[in-house]
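Once you've had a glance at the structure underneath, I'll fire off some questions.
First chain written, first letter: the chains are A, B, C, D and E, and each begins at residue 1.
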């Protein structure tokens, strides 16, 4: 019952809850641009946090080569931290550029700036 | 709605049939004797491949000739694709003419640069650790092929060609890989063994690191061949359609 | 219960096989045929790996965990069969290369005939054979 | 204990079945690519649970990455909608 | 019963599987293509985390590699679909 184990368990369970909430938000929100917000909760909260938690748990566990598991899951967490926002940015750019998403904005600064 | 009805019918059929079948499906708890042989002999034993990874030792040692011919099929498929999009010299020059430009917003480009570096590192570690951990030539090569694809998506293919990785170079790298595989397979014949024989022709250990005999050479060359083959194909596929219409004389 | 879940997995994979064969045969679009063909190949690969699985609890991948002879007995008792995995591994990459070839052929068909509909291409070929251009 | 991962196995097999059905019956080919990507992820978990880490490494790179890119290239060059 | 790693992992299993199924539901319903790709994206990161947790459950080092690659490759699908939607033809 070390500190690493407790912290890891907390992070993994918190990540699971974040993931579930992100998924529910992705299902419930009205249009694509609002859903991007839920996707942030689902990826950063639901993947990065539990991956760091897994690396903590692996440090406290007792099976062979546990440092490899810890290091690999930490690297995966960093990769997701980099890649998920960039992918969402690209998708939002494409959706705005092609105009496939139906929405009724009060003000659309991007379109005004392009004119 | 018609699609949904079809889906529900399919699911009901699956459920009923699986309830019916579950009484007679055998619970497979034992290994096949052949699988047990491979597990016991992959590192220890008389017919050893000196690699703890049973899958890689089957792929490149016990059933090596099979994989050699699969590589030949891969070679032929890539060659067939290149032949379908055949260009003469002037057309190839014309296809290369163009300026690299940024196609997606700035942050995406920065992240892509970091990601490409990470992919190169990850794929090399997958391929070159193939004899100890999961991985090997096929996996590393298909991972390597993703890096040029990312660059094509963000900076267009001209950026790749400006930095010296054009179709001809990719084909040369791939030929080097295939030649290396052939040489590694043929060397035991010269030293008095059989074709593709691993032990004891090749060293099992070097500087304390278990190399698994010829497995590490095969993995490295297959890594080059698969990665460069896919890169050549996608460089050809990303030529804009208008240029190709002009080459073929199709007007539409 | 265990056998029910196991047979459910098997039967749903077989159903996927049947659906993808329907897609290959019945859909006119060549790109859709390519998608269905890939699903067919992947499902066949999964069924192949399923043959080497063992229904026991501590089950490990077929890689020796440590380079000592004492661990070997336990390893052989719990590891899955490596042979189907080795066969599937090459099949995945080769299948991708063949897909690339088919995709190139589809793009070329579109350049020459202006369509990727198998029926229209067939009609055009028949008209070409009769001497009409 | 074994029931847990057999349950995950059957759920992912079910998702693979549903999404391959949707991918084959969909008219919009770009949506079909997205459906087949979901099917590829489901099959990746199946390979993972069947203790085949080698195949997971190759399959994920090919079926989620390279194959989707290939299909999008082809769709961009031919046409997005299937005419029936 | 001792409160160990297995307990944590078994608490996390249903959460992740439920999230996976709900993401799949959004991928089915998604009215536009960006919605579906966003759902696929979230799903693949979810599965990458799930794979890491499963590696703890099976107590095997060799299974962790799948998580790294799955997290890397989902990005490619995003970029290609975005490029296709914004421009029509990729890489030209």
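Here is the rule we use: contacts are C-beta pairs under 8 Å (C-beta built on N, C-alpha and C of every residue); 3 or more make two chains touch, one makes a residue touch a chain.
Keep in mind it's a predicted model, so treat the numbers as computed, not measured.
Counting steps between touching chains, the shortest path from subunit D to subunit E takes 1. Chain D has its Cα centroid nearest to the centroid of all protein Cα atoms in the structure.
Put simply, the C-alpha centre of subunit B and that of subunit E have 23 angstrom between them. One simple way to say how far apart two chains are is to compare their mean CA positions; for subunit A and subunit D this gives 21 Å.
Between subunit A and subunit B, the centres computed from C-alpha atoms are 30 Å apart.
Inter-chain centre distance (subunit A to subunit E, centres taken as mean C-alpha positions): 10 Å. Shown for subunit D are the residues that touch two or more other chains, namely 14, 17-18, 21-22, 33, 51-54, 56-58, 61-62, 65-66, 69-70, 73, 75, 77.
In subunit C, the residues that reach two or more other chains under the touch definition are 2, 6, 8, 12, 15, 19, 52-53, 55-56, 59-63, 65, 79, 85, 89, 92-93, 96, 100, 103, 107.
Listed for subunit A are residues 64, 79, 83, 86, 90, 93, each touching two or more other chains.
Interface residues of subunit B facing subunit E in the complex, by the touch rule stated above, are 103-104, 108, 112, 115, 118-119, 122, 126, 133-135, 143, 146, 149-150, 152-154, 156-157, 238-241. In the complex of the two chains, the subunit A residues touching subunit E come out as 1, 5, 8-9, 12-13, 15-17, 19-20, 22-24, 26-27, 32, 35-36, 39, 42-43, 46-47, 50-51, 54, 57-58, 60-61, 63-66, 68-69, 72-73, 75-76, 79-80, 83-84, 86-88, 90-95, 97-98, 100-101. Remark: subunit B residues 10, 13-15, 17-19, 21-23, 25, 27-32, 34-36, 38-40, 42-44, 52-55, 58-59, 63, 66-67, 70, 73-74, 77-78, 80-81, 84-85, 133-134, 136, 138-139, 141-142, 210, 226, 229-230, 233, 237, 244-245, 248, 250, 252 touch subunit C in the complex.
Those residues of subunit D that touch subunit E in the shared complex are 4, 8, 11, 15, 18-19, 22, 28, 30-31, 33-35, 37-38, 41, 44-45, 48-49, 51, 53, 56-57, 60-61, 64-66, 68-69, 72-73, 75-77. Taken in their complex, subunit D has these residues touching subunit C: 1-3, 6-7, 9-10, 13-14, 16-17, 20-21, 23-24, 29, 32-33, 36, 39-40, 43, 46-47, 50-55, 58-59, 62-63, 66-67, 70-71, 73-75, 77-79, 82-84.
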